[in-house]
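Common to both upcoming complexes is chain A, partnered first by chain B, then by chain C.
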Partner chain A sequence: MTAPAMVNLTIEGRPVSVPAGTSILEAAKAAGVLIPHYCYHPGLPVAGVCRMCLVDVEKAPKLMPSCATTVAEGQVVRVHDDKSLEARKGVLEMLLINHPLDCPICDQSGECELQDYTFQEGRADSRYREPKRFNPVEDFGGDVLYVPNRCILCTRCVRFMDDVQQESALCVAERGDRAVIAKAPDADLTQAWAGNVVDLCPVGALLSKDFLNKARAWELDRAPSICTGCSQGCNVTLETRDNAVVRIKPRGNPDVNAFFICDEGRLNYRWMNRQDRCLAPTAAGTECHWDAAVAAAASALNGKRAHIVANASLGNEAFFLLGVLAKKTGGSVRFTVPQGPEALLPGVEDLALRADRAANAYGAELLGASRADDPYRGLGAGDTLVLVDVDPASVPAGALAAAGRVVYLGTVVAAGVKAAAVLPIANIAEHDGTVTNLRGHVQRYFQARPAPGHARPAWSAVADLLIALKGEANFLTAADAFAAMAKAHAAFAGMTFDQLGTRGAAAAGATAGAGR
Partner chain B sequence: MSAHGTAPYEAVFVGKRKADLDAILLRYPNKQAALLPALWIVQEVQGWVSEEGMAEVAKCLDLTPAYVKGVVTFYTMYHQHPVGKHFIQVCTTSPCLCAGADKVTEAFLKHTGCNELGVTSPDGKYTVIEVECLGACGFATPVQINADTIENVTADKVPQILAGLK
Partner chain C sequence: MTIKVKVLERPVGEVSYLRATVKGLALTFKHLVDPHKVTVQYPEERWDISPRWRGTHRMLTTEDGKAKCVACGLCPTVCPANCIKLVPGEDEDGNRYPLVFEIDEFRCIFCGYCQEVCPEEAIHVGRHYENAEYSRDRFVYDLERLTSQSHAVCEMWDPADPKGE
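Up next, the complex of A and B:
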């Protein structure tokens, strides 16, 4: 395939060169100029209905909608000239005619494009003196609430349902100032990916019921992370308030999830805030110093075969070091993958809620762990069972009885597990690391809040164990552990934390489709 | 039909009406273009366009019910609720208003028993609404009852007009 011809133009006095066929709006982004817009979204078909992105193009008789105008050689575009500003001011004044201006009680406040652009370049006051139109709030089903008074009818939600989810559930009903977004007869927004309309909505018209009245946008701390809901590995942002995860938002990544996440992933965060967390290390059931617990675990492992059962959502670093531990003791690492129904997002290539409901099954296999329906099979009488972030309720009593000793590395308290040593570990919100999705895309997740009590990342706990067993695992950070892994495993050869960044990279020899 | 959807929905496009629709489809380059005439047929048969009606039209024309709903609600002449057997539209735009259209409207509301604009009379026979210009300003006040237009209507002619309706 030959590269498309490049077109040179000037936007706000900045020369920029973009492939032919690019819209002026996207070209301006490349030049570092944000053209205000509502109806345009890079993940949706262009509609050109909001008239917000009008810009002055030299030699054009009138202002052009930059989302729907492609670049041309030698074009001179002005975004912030008087003419364009006047047009946008007019659009904003019109949009605010029936807008309730209830920002103080609106969930979108602080992350609202209507608020931002009005503040940036709108009129200071309104000339409209008539009563405003009123429509009641409507429950759209699923996680979505519709507040029609705030709606600016950009139709992003309608286009998402029509063209991306491809199950038409929404339409623009009525016309003129009576127009609202309406559900189709007998339809609602319970489709697997429908919750994305909440993120797409540039204003506070479509709200998440789950997040309703929970926090203001400016109170939240945000950290890039990876959804552990399935093996797709969608990029997300964990949003925390007072160190509790209160919302998950999708984070754009063209290699993995475009701009979207499914509702199951979006709403699956409460486990991160569990209150029954394992806070202190123990040795033989008594709380003790971290090092004492590590020593107890090491003596339980010394000379024994380690039968390691790990959570398939653990990071690559943890699986790497568990593999080293297994090799050292002549044991093995096994994991089981919870299953669920698959749900495709038809409008995006190779994006689905996958049947494998764990984040790192592919990475675990690359690192020598093996997938098993019953990970406790083959547990010998003299073996030491090492449980790493496994739901304590899922461990069969028979396995606990069969094992010589149990070492428990967990995020939650395991009352029923009589362990020789317990090491509390951090969950995905509380440490840095990487996971590998089903197409072999290696991606980083970042710490969103501190770990509770004495909990440490799983890789760090395992590294301590290895050191106690006279192994070499002297890592200060997840990046160090990752570097050692990149040296030891060809699939990760040459990768570094810095190079992965927030976009990730494909593992060597990754299955077809990874390089999409 | 007196209430919303109490009777089971009967398909509109069967037999002759299916043939009618097929004949209409021949006039257009694609199926979507026949949406408005198809909706007219539904309204003619059922008196209004119900959600089931929208769904049936959508199916016949390979559209989504959401799209059809958008079109039905866009236009004011498709009824989204059942209306009386005689749908009475009184022009109340400026010239007619000067000629006493408000009195005509009042007379219709009184003599039909509707009492309120847009509300169907208890016997289910009449619905009265105001409309914008019917294009007969020289013959104020024009009144359109279903497909027929009557000109030069005054308040005292209303009982006689109603008596003439079958």
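Up next, the complex of A and C:
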């Protein structure tokens, strides 16, 4: 395929060169100029209903909607001249006629585009003196609450349901100033991906019931992360308040999840805030110093075959070092992948909630771990069972009885597991690392909050074990461990943490997905 | 070798302490007979404090006795001393309200920003200065205490008319 022809134009006095067919709005973004807009969203079809992105194009008789106007050679676009500013000021005043001034109790406040643009370019006061339109709050089902008074009818939600989810559940009802978003009779927003309308809504009209009244947007700390809900590996932002994860938002990545995440990933974060966390290392059931617990674990492993059962959502670094540990002791690394129903997002190529409900099964297999329905099969009587971030309730009593010794590396307290040594480890919100999705896309996740108690990342705990067993594993950071892995495994050859950034990169020999 | 010190000869009238003593005593006797009083017989008598006095906080309530606060989070955000702790919640009618609202009066610098920023005119700094307590933890005012206090509140200046003219 030949590269599309490039078009040269000037936006706000800045020369830009973009492929033919690009909209002025996207070209301006490339030039570093933000044209205010509501109805336009890069993941949705263009509607041109909000009239907010009007800009002045030289030689055009009137202002042009920049989202729906394609670039042309030699065009001169002015975004912040008096004519466009006056037009946008008028649009904002109209939008605010029926918009209530309830920012103090609105959940969108602080991340609301109406608030931002009004502050930037709107009028300081309203000339509208008549009573405002009022409609009661409506429950749209699923996780979505609709506050019609705040709605500016940009129809992003309607277009998402029609064109991306492709189950028409929403429409614009009534006409004129009575127009509201309505859901189709007997339809609830319970579709697997419907929660995205909350993120798409530029104002506080569509709200997440889960997040309602929980925190203000400006109180949240944000860290880029990867959803561990399934093998798709959607890019997300973990939002924490007082070191507790309170919300998960999608993070755009055209290679993986476009702009969306499914409701299951969005609402499944409470396990990160579990209170029954494993806080201190123990040796033979008594709390002790970290080094003493590592020594106890090493003596349990010394000369024994290590039968390692790991959580398939652990990072690549942990699986790499577990592989080294298995090789050293003549054992093996096994994992099982929980299954669930698959839910496609029809409007985006190769995006679905996958049946494999774990983040790193592909990476684990690349790194020599083997997938098994029963990971405890083949456990010999003299073997040492190493459990890494495995739900203690899922470990069969028979396996615990069969194993000679048990070493438990876990995030949660395991009362029923009699372990020779327990090393507390951090969960995905508490350390840096990488996971590999089902298409072999290696992506980084970042630490969102400190690990509780003495917990350390799984790779760090395993590295300590290797050192105690006279192995080479001197890593200070996850990046060091990753660099060693990139040297040892051809699939990750040449990759570094810096190069992966927040977008990730495809592992060598990865099965190319559709449209990739 | 001795150091030569220059000794100045001054008139006796200037060098003598007598003149200064008499002057001082004269002032003392003047105050003895002067009716102008500066001492206030506290606590029976009190000074009037300014309408803009910013003292310890008070939360105003609605007619049914609930705090006016809607837990919007603006006061903890604007507070330069970080002395306000607020946890928002939802009541049975689905309205936002503060589950926890605590002000650490030790930490507070009494700038009055919280009153100025409040969209509901709920939190106020008080025209009040008698804050003595028997223990330090009593200086963290919780919502119950903030709403039950009844002292006068600060009349914040009107930005359009800062001098009150």
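Here, the second predicted complex is superposed on the first by the 514 of 516 C-alpha atoms of A that agree within 3 Å, B and C clash if a C-alpha of one lies under 4 Å from a C-alpha of the other, contacts with A are read in each partner's own complex, and residues count from 1 in each chain.
By definition in this document, a contact is a pair of C-beta atoms (placed from the backbone, for glycine too) under 8 Å apart; a residue touches a chain by one contact, two chains touch by 3 or more.
Source: prediction; values computed, not measured.
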### Task
Label the relationship between chain B and chain C on chain A in the superposed model as either fit or clash.
fit
### Task
Classify the contacts of A:86 with the two partner chains as first (chain B alone), second (chain C alone), both, or neither.
neither
### Task
Figure out whether A:186 sits in contact with chain B (first) or chain C (second), or with both, or with neither.
first
### Summary
Check: chain B-chain A-chain C angle from CA centres, nearest 10 degrees, reads 90
### Message
Once chain A of both complexes is superposed, is A:168 in touch with chain B (first), chain C (second), both, or neither?
### Response
first
### Partner chain(s) touched by A:216 [first = chain B, second = chain C, both, neither]
second
### Task
Would you check which partner chain A:104 touches, where first means chain B only, second means chain C only, and both and neither mean what they say?
second
### Larger contact residue set on chain A - chain B or chain C
B
#### Entry: First, second, both or neither for A:291, with chain B first and chain C second
neither
### Task
Could you tell me how near the closest CA atoms of chain B and chain C get once both structures are overlaid on the shared chain, in Å?
29
### Query
Quick one: in the complex, what on chain C touches chain A?
70-74, 77, 88-90, 94-96, 119-120
### Query
In the complex formed with chain B, which residues of chain A make contact?
158, 161-162, 168-175, 182-187
## Note on the structure
As the complex stands, chain A meets chain C at residues 103-105, 109, 137, 212-216, 218-219
### chain A-touching residues of chain B, taken from the complex the two chains share
51-52, 54-55, 64-67, 69-70, 73-74
